[in-house]
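Each of the next two complexes has subunit A plus one other chain: subunit B in the first, subunit C in the second.
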Partner chain A sequence: MMSAADRPGIWVYALVDAGDDLTLPTVAGVAGAPVRTAPLRGHGSLTAVVSDADLAEFGEDALRSNLEDLDWLAAVAQAHHGVIEAVAHLGTVLPMRLATVYASEASMRAAVAGREPGLRAAMDRLRSRTEWGVKGYVAPAGETAAARATTPQVADDAAAGSGMAYLRRRRDALSAQRESWQGAADGARAAHAELGRHCAASRLHPPQSPQLSGRKEAMVLNGAYLLDNDRAAEFSAAVAALNDSDPRLRLELTGPWPPYSFTAQDA
Partner chain B sequence: MASVSADRLPAQRLALVDLLDRVLAGGVVITGEITLSVADVDLVTISLRALLASSGALAGDAERAGGPYG
Partner chain C sequence: MRGNVIQSDSMAAQGYSSSASSSGSSTTNLGDILERVLDKGLVIAGDIQVNLLDIELLTIKLRLVIASLDTARQVGIDWWEEDPWLSASATRRARARDGDGDSELEEENRRLRAKVRELESGQPGKSRDDERG
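For the complex of A and B:
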């Protein structure tokens, strides 16, 4: 097996539009590697924020298996995010997808050079804007109300035989669960449309796996919203108002985030 | 995002899943002489699901993953 020194690669965290005199805060990168800037000469003030990445751990084959290790993934994702957050206040930041690893700084520069107009357009779109997240869940209160509604049935069922009673209770419970989910999903659609009026762009992520989130309630909204920085308070108030006005739905605000969800042209 | 990094374990787990939504599906993808682009997010997601489904501690939640929103 080759040593780390034999197989250096470059992990890219973000591109920053902050000029050559960019001074990085002290922050550790993935695997504790020191983070540095790699100015993209000939590209104005565009600077890449990078660290060395041992290809024995971060090369293609190693990544494929390491990405399936949740502990490894969590540590790497948090390190990647930590660096991006640390440089976000230095200028407009364009986060890179997790595990963007080049074989060398030269190949990284070549790749960026071919994409400069698109990257500039993305920078312009993200300038003075921040991403926020809104997650929506079926409200526990709705589930409670649904459960109460089925209670009177239980007395009648007792006389009709326990097998029949069980089936009816099961059917009513499933029906109530479906109704509360449908109500919350309808509320989520309306909330997403309303929140769209306060932001520059919005995007829906797939609902999160309960196995990963550990949440018991069904998720009905996983939205990302790109806000002008001076509209954050207004947006937060809109989320709170929607949360108060719809008893079927419980909304949670996350952020501010670096604009991960809005780097693509179609976002 | 002080609220995320300052939270304790259960909340940290929530923060992680919010973060994975973003770093695995968002961010710029610049191809070229790149060693790996994780553009194929589905592959990663499926791999993670397989990993989690195989975890005994989480087996009770397995049914939920295929729910109306799964």
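For the complex of A and C:
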């Protein structure tokens, strides 16, 4: 069980129910470390999915500075997510927040001690359910309207004086953009309410900036929806129908996700 | 990372347990992963006390997420649940940053409105401020 690391700590990915007949897939953890299960004594079949984590890299001070490095963070986040996703294929999973690190398995067990009822409840709530994401963007049609407002009207401009005309066009363009955002936001609110009828629970996350979303259109909806597994197709159809019915809004479905957005409630 | 696309009904897996492969990650991008692993998930205090809310990682978070918040508030979509990342200090820091993107646009909007008023007030009978709000 000892790692070759100089100061082995424990990185925790998720809690699972060993009753789900867990045979861990061969997936590399953070820093390429092999992933294993670590039973939580006194917690029935609850089991942690962990890997050794060299405290020279994942200890408090190192972690604090490493987390500032976006490349390091991206690699660690993807490894963390990759393990959780692989485990989610096997059974119900409680994903841990990134950077949950212990000095030893014993101190991990101590930290979890006494929490079994809450963890069990969370496990039961998530069983046979999957998280899906729906992001909504201002439809490109809104941009078209804004672009139209900025089209120069050459003859009028010459007559009115270009300064005034510029200001008016600029104001109109801003106003058109505001209207398209507002329309999309109204649509997003309605879409979220409708999608709520198809899921067991929902969460709203702050809309992502274009830098994070990778899209230039403004995001107006960033929802997470916990679905019974047998309602995934129905939900997908509902998203598609909403997307078709509201020209102001462009919806995107992501998932399946491990239930990141739905673990906190009882834990 | 490529953008996500609307998934057809046939592509909608029934959840992890019955999906044929681990293809889920093909529809996820780094931004979505970061958002979830940094913000969501089970929190059980570790021995290694790195509070993600406190450390300078917040600057990354701000760069990625908070840039959109002023925009969101302007159009009334700040209706998500309370997010610890968006605490008062975070918001203050976001506002303290040089505005980019939409906050810059808003500032330009304010300047232009002022300029329009100024110009219009120079014309007889046009001094009334008919800007809304």
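In the analysis below, the second predicted complex is superposed on the first by the 247 of 267 C-alpha atoms of A that agree within 3 Å, B and C clash if a C-alpha of one lies under 4 Å from a C-alpha of the other, contacts with A are read in each partner's own complex, and residues count from 1 in each chain.
Throughout what follows, a contact is a pair of C-beta atoms (placed from the backbone, for glycine too) under 8 Å apart; a residue touches a chain by one contact, two chains touch by 3 or more.
Since the structure is predicted, the reported quantities are computational estimates derived from the model, not experimental observations.
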So if we stack both complexes on subunit A, do subunit B and subunit C clash, or do they fit? clash
Pick one for A:128: touches subunit B only (first), subunit C only (second), both, or neither. second
Quick one: classify A:114 as touching subunit B (first), subunit C (second), both or neither. first
Subunit B or subunit C: which reaches more residues on subunit A? C
Contacts for A:171 in the overlay, against subunit B (first) and subunit C (second): which applies, first, second, both or neither? second
Please work out whether A:89 is in contact with subunit B alone, subunit C alone, both, or neither, and reply first, second, both or neither. second
Scan A:212 for contacts with subunit B and subunit C and give back first, second, both or neither. both
Partner chain(s) touched by A:256 [first = subunit B, second = subunit C, both, neither]: both
Quick one: is A:46 in contact with subunit B, with subunit C, with both, or with neither? Answer first, second, both or neither. neither
What part of subunit A is shared between its subunit B contacts and its subunit C contacts? 9, 15, 55, 58-60, 63-64, 67-68, 70, 73-74, 77-78, 80-81, 85, 94-104, 107, 111-112, 115, 119, 122, 133, 135, 178, 181, 205-215, 218-220, 222, 254-257, 260-261, 263-264
Touching residues on subunit A, where the partner in the complex is subunit C: 9, 12, 14-15, 55, 58-60, 63-64, 67-68, 70, 73-74, 77-78, 80-82, 85-86, 88-89, 91, 94-104, 107, 111-112, 115, 119, 122, 128-130, 133, 135, 163-164, 167-168, 170-171, 174, 178, 181-182, 185, 188-189, 203-215, 218-222, 227, 229-230, 232-233, 235-237, 239-240, 243, 251-258, 260-261, 263-264, 267
For the complex, give me every residue of subunit B touching subunit A. 1, 4, 10, 13-39, 44, 47-53, 58, 61-62, 64-65, 67-70
As the complex stands, subunit C meets subunit A at residues 1, 3-9, 11-19, 22, 24-25, 27-50, 52, 55-57, 59-60, 63-69, 71-72, 74-77, 79-81, 83, 85-86, 101-102, 105, 108-109, 112-113, 115-116, 119
Under the definition above, what is the set of subunit A residues touching subunit B in their complex? 9, 15, 55, 58-60, 63-64, 67-70, 73-74, 77-78, 80-81, 85, 94-104, 107-108, 110-112, 114-115, 119, 122, 131, 133, 135, 178, 181, 205-215, 218-220, 222, 224, 254-257, 260-264
